[in-house]
Amino acid sequence: MTDFGFVRADMVPSKPAPINTSGVGAWFRKNLFATPLDGVLTILGLVFLVWIVPPLYNFFIGHAVGPGGTVEECRLENAGACWAYISSEMEFFIYGFYDIPEQWRPNIVFALGALLLIPLLIPKVPFKRTNAVLFLLVFPVVSYFLLAGGVFGLKPIPTEKWGGLLVTLIISVVGISCSFPLGIILALGRQSKMPVIKTLCIAFIELIRAVPLITILFMASIMLPLFMPQGTTVDKLLRALVGVTLFTSAYMAEVVRGGLQAIPRGQYEAGASLGLGYWQRMYFIILPQALKHVIPGIVNNFISLFKDTSLVYIVGMKDLLEAVKTKNDTALEWQSANTATTGYLFAAMVFWVFCFGMSRYSMYMERRLNTGYKR
Amino acid sequence: MTTLDTGPAAAPRVAFYNDPVIRGIIYQVVVAVLLVTFIAWIVGNTATNLAAQNKTTGFDFLWKTAGFDISFSLLPWSRGSYYWEAFLVGITNTLLVAFIGIILATMLGFTIGIARLSSNFIVARLATIYIETIRNIPLLLQLFFWYFAVLKAMPAVRESLALPLDIFINQRGLMVPRPTPDQEFTWVLVTFGLALAGAIALGIWATRVRTLTGKYPREVVLAGKVADACVTFLVAFTALFILFSVAFPLSHAPLVAAVVAVVLAAFSLTRFAAISRGVLTFLIAFVLLDTIVGAMFAWVPSLLVSVLSAMIALTIARVGYVGALSRPPSEARFPLALLVLIALGVPGLVYWLTGATLVFEVPVLQRFNFVGGLQLPPEFVALAFGLTIYTAAFIAETVRGGIQAVSRGQTEAAQSLGLKDGDRLRLVVVPQAMRVIIPPLTSQYLNLTKNSSLGAAIGYPELVNVFAGTSLNQTGRAIECIAMVMLVYLTLSLLTSAIMNWYNARVSLVER
Amino acid sequence: MQKTLVTIALAASLGLAATTAQAAILDDVKAKGYVQCGVTGGVPGFSAPDSNNVWTGLEVDYCRALAAAIFNDADAVRYTSLTSQERFTALSAGEIDVLSRTTTWTMSRDTQLGISFVGTMFYDGQGFMVRKADGIASALDLSGAAICIESGTTTELNAADYFAANNLEFNTVVFVDQDEVVKAYEDGRCDVYTTDSSALAAERSKFAVPDDHIILPEIISKEPLGPVVRAGDSAWFNIARWTYFALLEAEELGVSSANVDEMLGSDNPAIKRLLGVEGDFGTPLGLTKDWAYQIVKLVGNYAESYERNVGPATPIGLERGLNALWRDGGIQYAPPIR
Amino acid sequence: MRLPICERKAGKPPDLTRFFKRLLPLVAGLACTLTLATVPAGAQTLQTVRDRGFLICGATNPLPGFAQQDGEGRWSGFDVDLCRGIAAAVLGDADKIEFRSLRGEARFAPLQTGMVDVLTRSGPWTQRRDTLYGAAYTGTAFFDGQAFLVPQSMGVVSAFELDNISVCIIDGGEELERVAEFFFTNQASYTEVPYEDVADLAVAYQAGLCQVVSASGRQLQAIRRALPDPSAHRILPERISKELLGPVVREGDTQWFNIVRWTLFTLINAEEVGITQLNVDSLLAARTPAVRRILGVDGDFGTALGLTPSFMADVLRAVGNYGELYDRHFGPQTGAALLRGQNALWGNGGLLYAAPVR
Amino acid sequence: MSQVSETTVDRPVDTSHMKVSSTNVAIEVIGMHKWYSDFHVLRDINLKVMEGERIVIAGPSGSGKSTLIRCINRLEEHQEGQIIVNGTELTADLKRIDEVRREVGMVFQHFNLFPHLTILENLTLAPIWVRGIPKAEAEATAMHYLERVKIPEQALKYPGQLSGGQQQRVAIARSLCMQPKIMLFDEPTSALDPEMVKEVLEVMISLAEEGMTMICVTHEMGFARQVANRVIFMDQGQIIEQNEPEAFFSNPQHERTKLFLSQILH
């Protein structure tokens, strides 16, 4: 090869990788035993799995008492999770105190919500605008009247009776759809050039972000009555909604601000040069770009909000977690060693499914729009 | 809220006002007026309501006796204490659990975050499962779980779970030994502080000399060698001692251990240092593995466990051996062992010389209860545990993000310059990763502190529970109590963000 | 989009917000058609959702009785589940009309929070548990018995005081923790276990054979739990108070939900007055003449409610003890309806 | 209470963030308004009494043991001591009272018109009185009921032993019915000797026109004390009806209602924890929380009532605890000892129960 | 990557030193294969580089050019065959890898300067910590090389404050500070604006003029013509053709080469 001229006459065919770089063995070597240290970690990991999986399997499935089981089975010495308890109290976990004969109403709301939300989430489905309007404007109104009743001959059901997953979903859906625009307004206010508005927005955002949600809800439950004119009361659900929404909107504002700051100046100037007014500029040019940038942050906020709904026990709402806790504490007929654990695990699974779903959806959208941050 | 009511949608449509400046002023005046009205309305309502309920306001209640018990307090507390003391107790309890949570969560979070980036499939997957499980479940639920489902299911006192180092866990919480230092022990503490400062100063000095001259100072290198040997001896002796007195009981265990340790220490000074290191690694790994795996699989014959542990430990020892082979000579190595020895050895010497005693008051199971030691109530344990586990998942993601933010190119550039792995991490990767990690890490710390308020739900007497809960309930001074609580959190938050701003200004990358 | 959302929020808030006038609670309650009753988040026997997810319990029955007296409909109640922090604010602010939530009547609450305690629905307090086999019927028989007790608590002081006051020999086995005390008692370390009586009952229900243990009727410390109303509205205070008294009076007169209709024909003037057959005691309260009849008919008397919710036949298994009528050895006592 | 921040107009705020600087005056203003806005309203009765300098206290009809006038016109008795207790609580001086004995059914009118501040005895607590007359019963000071007075010589210790006797009873109320009911359920026989007036009962009994008198316990006590040798007669412990006596105040003044209610509860609670007129000062050093709270050493329970923190100690210093009060007027040294019976503490088999001072 | 330009340096290139005089082999690659899991990315690479040789590797993207030079300082691992650098064979042995890396400098497409360090610190980092050179000496060397790349005035700035071309020159200087015997360039100009390409090429040419052994993956065909004494064309992971620049450009032999050249040279 020292001679310069060289022309390859026959192409070297692609040949399979040597056994140590491909195939199952290679995968094992690369991912499990790349270095001796890796091997050690793998073995320790396996030891850990061997240690933890069988007891978990036995608890969740092996020795668990299925939905048809009885409390006596749950009370057996080596019984696992008591799923029978969950299935027997399921109604309370989903609807709270909602009148049993009227439970078709929340069911319709659930179905309607799913029906409107799913096409909204799938990018390929058309009529997005109509769909969004239906979901954000029509659906809440319909749901409210359907759930609260008092019209069209529906039996009125006060919000105190709503509970369980129903309340969790209501608070999170309303919280998400209200805190989003509110957060945008706050973010715009914070970017504003008007000192009074800017200061107010900053003060609001920083104050809310500085304190735990629990204190905001404490305020909603204990101090709000003091702030209202004598004799005025605010519905508890509304209080929880307002508390959670205000709280989230402050965080949302910070996320949106991040997006706004990422928009180059040129975009603002271009908008202005087209003669668009402030709101037109924001609506048509700035926000669509800014929001796209911060989808992961927004969804993270939604996930936090969804998890934070569990704090509404402070205002005495029986959301899913509180409903489970109530039954754990009061369903004496189901008392057994694992009843409480099973209850909490059930709630954990429900929360997990929703949060995990949201985070996966966000990742999917991120990939689709390809605007996600690297981190 | 008011700021929203006055969306510029209410803009006057008169042409005269279309001047943006005037319009801006008008908007602001409208907002300000609305806000002031709103506040006045609230204040008025509040005053009326309080008057109607025949309630008084003001902070005079702080100087009244509280008359309730607080189950856990670092400060002296009795029913006769004042409300302001309750306030302080709440703050200290919050800070205590936050402090412990932060330390533990940082350790766990960094481990998990690094594990998640591991090229090892199982390790990375376990870390992912951990993170995805934990951060998608509400913290409150996790606290309930730890408190009501796990701690309550812990064994009763007499069947306490005995952990090493005289730590016990049972329904009543965690019992740990309580250090009871005597008067002379103050000197040990003072020396420790001095020695630590000295060791750090020595480290800095040695590094500076290393930078300026290309070599560590001769004396330091020599002392480092000796320190290496000493550390080798100490570690080997401890491991062997445990091995021979617990795992494989041997008569004259201390003597045998000492002899072997001396041999290992001597080897570590020669060119057979790598072998010495391999043996040392084996010893530590084996002792640890045998204990832990033995505890995990109590039903497996101990011989099997020992053999398995020995095999794993051998592999680890090989890693250690190879690592030691490629170690730079002591002249080019940072004298870590020396510094550790100074920081710990000097106080140890003072401890021995002054005859100071630090006796650990061990919790002892008396007929019905543990007596002595530090008894941490289950609420504290559950809260600290829950906060740690939960926050660690977020810290792990932060850490992962930070490490990933340092592009592969940086690593490659460092590699191509011939920097060794340790130097590469120390000089290139960590400084860059940390500047990405620290801001979100701080906000995680702040979140942890704020989340500690959920302790109220399981009865841990932290600030919200003690002050916005019990005190408020006793006094009925809702506004005052909640305002004070919020003020504490606000202060913490503002302080943190001030420090962060300072830090960010200091480390932010200079860009064009 | 924002604008429309705000509109929806406003509409919803208007729809959800209800108003109550401070002054005349009764008028307001009548106007809205139900009693808003503050209850716990769930304490079995006192207020907790049952297996049909309906609120039940002794305290819930009180609310139902109030509703029965006002509306002739025991179901005209809406329950607000309250935390202990918010209960008094909720009451003062008029969010609830009556608070019936395991609230101990204490001086500071009665005098400093702008609220008034109506009476004592349930006398709780420290009690004693013994093994049935020991054949002990009263705390006065406990002289010399080994008593398991939690140290450093008021429990210990109360017990010491009680024994001293009754000239009984006091012999304790002291522990630092509740669980331990129970354990020691269960293991036979001592003959008697003492703590708050409702806690006693709860502990007992956890024993392998709860029926082997009995809770003695004596209660030696005071935790009077009762309904609370806002201070300042005497009319409402009177309704709340006399609803409670009516429950007691009905028991005393032997009127129960089962026999209330035949009791309408009773010759006993006290029964006649109670059931509104003779005299009109409802009008001064702003109620109908048969207010107490409705209470008994729809909710039952105190004894019925007690037995149904916390009595010996329930998992809570509390003997009447202090909560028996005055003539049966307890201290539940109501002024006559006259 | 005033915040220092109210005075200085946020001169040089700490160098934190800019928005905080702007927020400071706002917060300060809000805090000032909130903390300064206060006032308990509607404390009329207390203020009236304070302004007047003494308490006007009433009870229905003089009744020996409850309220009687000595030769010099000074009132004494159970009812009077209750008043003295209230005066001690409100004015710090138990003697600053004016006691009025009211006759007949008109007793609620003076209360309503404000002529008296509190009625310590106004006839038994019934629903009508509680709800119709604009009055509010604050609690029970004396459990009473219809009982039987018998001569010791009869050798009867329980009402259930009574059989084949003649009973003097007031005619016109429910008393006749009660007795009839009682004897009917006991399957005992009796002859009723009805009289129109209480005074006549004593005369008839003394004259031997009947063997037994049946009336409310307090009336029997009065009759018995008027007899030449009270100790030769006995009031049987059974009560065949319910009568509750207790202080009554005007409806609508919650603060005054609470003052009277908690003065009464103080007496009962003090007996329960063993505070007496004699040891009240030495117990100031006690460590028992319940004692310390009652004596105002721990906590402040008075200010909210518009009283001093130590008002309960003042009450006890002035009149002693409930037991002392009772013994003073119905105890053995009166020569006509009336058993505590239902008026014993709840722990001692009685019905007296007061919510705790906490 | 797709941007292929033909920027040339206007001044005459001094080729006096550019004759390969040495007979010492700097790099020898023998029968080397590499796979990314199942993808056969480098196939049967045989290459011998003499000291002082300047080799330009060209080829369409994905042809394995970068992978090849990354294998040479073991940023990538090969599975078959041998790579011998300065007489040291590259194996998994960390010691040997370190030895090789100390002799081989590398310049990356994206510069990979350390953004948290000043230019001077970037340059002195490795000399101080790898070679144990005293700081003052390392700084003197660093300033020397900064002058060579004509930006001594930027020494105390941070990378973020420099233009792309300046950064790449710093990156070259950083490698030079370690006084390598061989320099590898991985598309050093393809991330730069055209006017900056020139300043980087200037530096590279002057380096070549000094007789540095260089392997350069680049699309700068002008550079190849002026400086290289061998051009290697790669496609599908293999060396398709190699020749002296003149011959390579004027008379490509292989169809693939012809196609490639016709595409980039119009």
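We call the chains A, B, C, D and E, going by the order they appear; numbering starts again at 1 in every chain.
To be clear about the criterion, contacts are C-beta pairs under 8 Å (C-beta built on N, C-alpha and C of every residue); 3 or more make two chains touch, one makes a residue touch a chain.
Model, not experiment: these values are computed from the prediction.
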item	value
Chain-contact steps, minimal, separating subunit B from subunit A	1
Set of chains whose contacts include both subunit C and subunit B	A, D
Path length in the contact graph (subunit C to subunit E, fewest steps)	2
Most remote chain, CA-based centroid, reference being subunit B	D
Centroid-based (C-alpha) most distant chain relative to subunit A	D
For subunit D paired with subunit E, centre-to-centre distance based on mean C-alpha positions, whole Å	104
Interchain centroid distance [CA atoms averaged], subunit B/subunit D, Å	61
Between subunit A and subunit C, centroid-to-centroid distance (C-alpha), Å	41
Rounded Å distance between subunit A and subunit E, as computed from the means of their C-alpha atoms	50
Residues within subunit C bordering two or more other chains	2, 6, 22, 85, 89, 92-93, 108, 112, 114, 231-232
Multi-partner residues of subunit D (each touching 2 or more other chains)	17, 42, 254, 289, 299, 304, 358
Multi-chain contact residues (two or more partners), subunit A	30, 182, 185, 206, 218, 222-223, 225-226, 228, 230, 313, 325
Subunit A residues touching subunit E - in the complex, by the definition given at the top	1-2, 4-8, 11-12, 14-18, 20-22, 26, 30
Footprint of subunit C on subunit D - complex, ascending	42, 124-128, 130-132, 136-137, 140, 143, 174, 177, 241-244, 251-252, 254, 257-258, 261-262, 265, 288-289, 299, 301, 304-305, 342, 346-348, 350-351, 353, 355-358
List of subunit B residues in touch with subunit C within their complex	4, 7, 9, 49, 52-55, 156-158, 171-172, 368-369, 468-469, 472-476, 478
Touching residues (chain side subunit B, partner subunit D) in the complex	39, 43, 46-47, 50-52, 54-60, 64-65, 67, 79-80, 479-480, 483, 494, 497-498
Residues of subunit C defined as touching subunit B within the complex	2-3, 6, 22, 84-85, 88-89, 92-93, 108, 112-114, 175-177, 179-180, 183-184, 189, 231-232
